[in-house]
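Encoded as structure tokens, here's the structure I'll be asking about.
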């Protein structure tokens, strides 16, 4: 039974092809992968307001993905924008995202993890998500490396150098047993870092990709799916029509 | 020094006039109040996805309100949709919302509060907001009364009867010292309920309104305003222009 | 409707006039302010035992204030001594205090705050109050500057220099978004510090003063007042008389 | 090495002799016990304000006890009034109290405990103490039996009947493994209740008495005593004299 | 790349064949499954002491499994006995267990879950594991159905009837969005229950099985494996030999 | 009434005599002390797997100790291995251990404590125990000094020098008011350290020893003993016989 997975860059992105190539190396034999991005809007989501702009656009893509019989969609940003909204409007599509996926994995591999990110601006929202997902006791620290998201791939060696510096602080002083690279734009760095640091280093795009495959299998085999009875109950079709929301739903 | 306050019904609403009349009874002598609502979109926000649809529309109104020299804007829904996004895009406008305001007040009046809402669908998001605002230890219980938001004002006596029943459970069994009416559509009921129950009953639209006046005074007198240095730092104008986000900002 | 507010220095104080002048600059047009202090007892409350000595004296002043038809009383010390005891013995007087007021304000302006105080002796009680009021998740750090309370106003420039040093540590390393000056004797410093630091800096005497005005308005307009049903239920008059406690009550 | 222990009824009490007889049955061979009470003031401490009135009187007794070379003093009320203030003004006297002592014991005997008390008025302060002492995760429930403190010994069978009813609820529904009788006026009931219920039932006066003996031994043998370096640092003698606080200290 | 998985019944068990048949229906195309059990010792682990007896036996099996080039081992009991000990003594074998696996899955599918178990004796250890894994905020309730572990499969209809009763209480009163069947001996029931209840019902043996497959893929593809640097560092070979522990390791 | 106490070194140990001599200096006049250790197995428990190997051996000693009418047994390792298992298999023997005992004492003497240990390998299990016992809010920090357990007594001056260095960091930066020497192999150091540091320094072997005496007295005088009704309910004799577990029990 094949799994059709859609990875959504929830911003205008130049990385669609590279992400596709990157993830495809690691996909299971039964997985088909497509990658898409937004055609207009912000190019990163480092501001709350940018994040809110893209959620309606993400929902359109999600709705379309369900119609096209995708099995899973990944919202490819570590803030997990629109995750619960997406789960609400679908009936069988699995939706997941990098922060959720990587924290579940990291908490399994060691007692505490640190998240390394570009700028300190991100800390309040990341901390909030850590708490929202219930991983507060697993959090060792949140460490910024003083770089803009869009600059992370410009000089990979410099980026890696700064991540190593932050990660060593996390491991030695904060008690981190696992490092999470808290931005999908840090993709591709984890292997080298893992060799250097000697602890698991989680690439969050990969984490979300494999978590999506895992959740699809659970759904297919056991019917384990998001609680549609109350928490993710879909809005009623009559309201959507009566209020002309159908453009979206 | 006058305070110009804009109350936003963040949905298509038929209550603009009644809300305006209702709040105006209680405004301070230096306060000017206007009430507005969305012109298209959902009529309530009982679904995550509805909530995300209205945030970009709220941001437009917020941006406009700042240009028109309002001092404060209230996002009039107990889910506080778009609160932090709004604070990010403004430079001097005070923005607040009912859940934040009423929890601060309730936690001052007694050790623990219960929140009474229409449907159990709302519980996960409300619990999340309680935790996000840090009031977890003050929460006695979250109690639904089995009514749709849009039905709360249809038969006020029935609504009040159900609220009393839930509130008595909250006070006697859950240890609530204060009752929060967890939906702006429960406006107008608190006085009667307070007389019946003998404990403070918070009308969340009024709570937000007075909290807005309070925060404006703090800003005007002392420059106490949201942290614009990192947490609510505004997105850079160059990005907004380069990426054609100016429709919104 | 005028608001009559009594600010109590809950110790023998030489700052009654300067506090009155200081707060009066910022009072609302409908507010009348009086300031008083103890006539005997300790001059600061840096010891638990000093704090307990003054509570009965505070209660006398509170009782008197209610008889004289004040609307609000502020217990002007960041330890909030006698706050709940005072709320218990009054029937309509609003009572508030600096720690409560400033933490509500700070938690509204940013995700986390740091409290800067004179000596490390104060930390256990301050931490306890942070937890008691439910702001544990909002606490970034508690930072002493190595000065006695009574010395804070002697060389204001030195005091400010040390506060800036501590606050910069709080902002850069501990993730503070808001600074609370955790002693009423730091009054008058916040504006300069705010300009220097670029984040909100809360003067706790001012915070309590405005919170008192706010709570009076809520009481006057909506009857929102401390839970007198159980938590702040007053002791019975018969007991007070039978046991000769009337000197106090 | 003998241990001289002073049990203080921190209110005007008619139970001095019966408490002395009661505790004496259980004292160690090296323990001398005296019991005292206040000579004026309230007869119970069910109100915050009553509690604050007696603390200065407790401190006088504590200071005197240290001068008379007592080894330990117990502040015999489950609210533990004046506990930390007392520890601050002494140099070698051990001071403990029923809530602290009984929670340490209960948390050792089973995962979670319930506290049974007279009236629901007590719940907020008891919950606060549970949190202050760090036993929040061990708390199964706080259950009132609808009786005034001074009535608990009037009809012991009725009191025990109500306690059994509450305790059975605690054990069966709330998951309590240990029952704490949350008022020193419930003294003498625990044995019968323990036989009936089949789980440990803690008499809090006895708990405090034995904890005092235990802490004296730790002090005598190892010098383990309250942190006098910062947390319980005593106020300076010069201040006490200069400010005429010597009546107390 | 095939995955060889060993499922260990960590007790003397008559269910080896039925578990193997049951799990095999759901295994991935690349998975080979073997099931084993203990040859002597207890038949269930409802007592702490039984649990401790089997851990050394589990470690032997684990060590053997690594030598035989299994990719993963599952310790098939909801108490997850010996989980961290096992991870410590292996170098590349993935080890997981039902409680860990099912809580990660349940927390992904809905905000809060309830765990349904045989007897209330199990509650303290289950609560402790919930906290240890960091899922405290996701726990709605722990509900026993009054049955011995070895009786759960005797009259499946009666067992299911009791589970439904407990689960309905969990969903309606405790706010559970997902039900975890907190014993591997409840295997086979989840599908019917899921149909009846309308929310996800997690079979914990299946959860562990799929989590094992997932973790093997993460290890194989990315080298993401338990932190062997400090937390799960293996004991040194010299010590094992010098102290004659080699029977085990 | 005499108290017979058995101190168990839960590993192969060369310190049996020195521990006996050390503890005997401090025993009460009614206490008889014996010290034993394992005859085969590991010499320290710095690995999870070592810890699990010794628990069945500890249980045998515990069972024997109950038969020989000891009043208390102490499991002399700061990880408290087998503590709850032991409590389950006994009917009247008091069992305690160093981590439990020392944290109760430390939390009584000051608001927060730091634990100083040999290696960072120990931190995850120690943190877990702190949380399990409910002392999370009392924990200031966990600080390793970079030494193997078996080396702690080799050069006592060097060990003490490193402890002082860590403790000063704990006191000045982390806010510790009490220091716990988190390994029984640090025995004998506390007095000097206490003199140097000026805060209470807890020797955890002594803490456990006195806590055992204390718990025996509570059992003898009041019948306060571990909850045998559910949490520590003993396994049924029929099962033990039927399954040939009698070698152990």
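The letters A, B, C, D, E and F name the chains in turn, as written, and every chain counts its residues from 1.
Rule of thumb we're sticking to: a residue touches a chain if its C-beta (ideal position, glycine included) is under 8 Å from a C-beta of that chain, and two chains touch if they have at least 3 such contacts.
Because the structure is predicted, anything quoted here is derived from the model rather than measured.
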item	value
Other chains in touch with both chain D and chain E	B, F
Chain whose average C-alpha position is farthest from chain B's own	F
Most distant chain from chain E, judged by the mean position of its C-alpha atoms	C
Chain pair repeating B-D, as identified from D-E, C-D or D-F when over half of the contact pairs by residue number coincide	D-E
Centroid spacing, where centroids are CA-atom means, of chain A and chain E in whole angstrom	27
Intercentroid distance (Cα basis), chain F paired with chain B, Å	53
For chain A paired with chain F, centre-to-centre distance based on mean C-alpha positions, whole Å	44
Multi-partner residues of chain F (each touching 2 or more other chains)	111, 120, 123-124, 128, 131, 137, 177, 230-232
Chains that touch, pairwise	A-B, A-C, A-E, A-F, B-C, B-D, B-E, C-D, C-F, D-E, D-F, E-F
Footprint of chain E on chain A - complex, ascending	26, 28-30, 96, 100, 104-105, 107-111, 133-138, 171, 177-178, 190-191, 194, 198-200, 202-203, 206, 210, 214-215, 217-218, 221-227, 229-232
Chain E-facing residues of chain D, complex	111-112, 137, 175, 177
List of chain F residues in touch with chain E within their complex	12, 40-43, 46-53, 55-56, 59, 82, 84-86, 88-89, 120-121, 123-124, 128, 131-132, 230-235, 239, 243-245, 248-249
Chain E to chain D touching residues, read off their complex	120, 123-124, 127-128, 131, 142
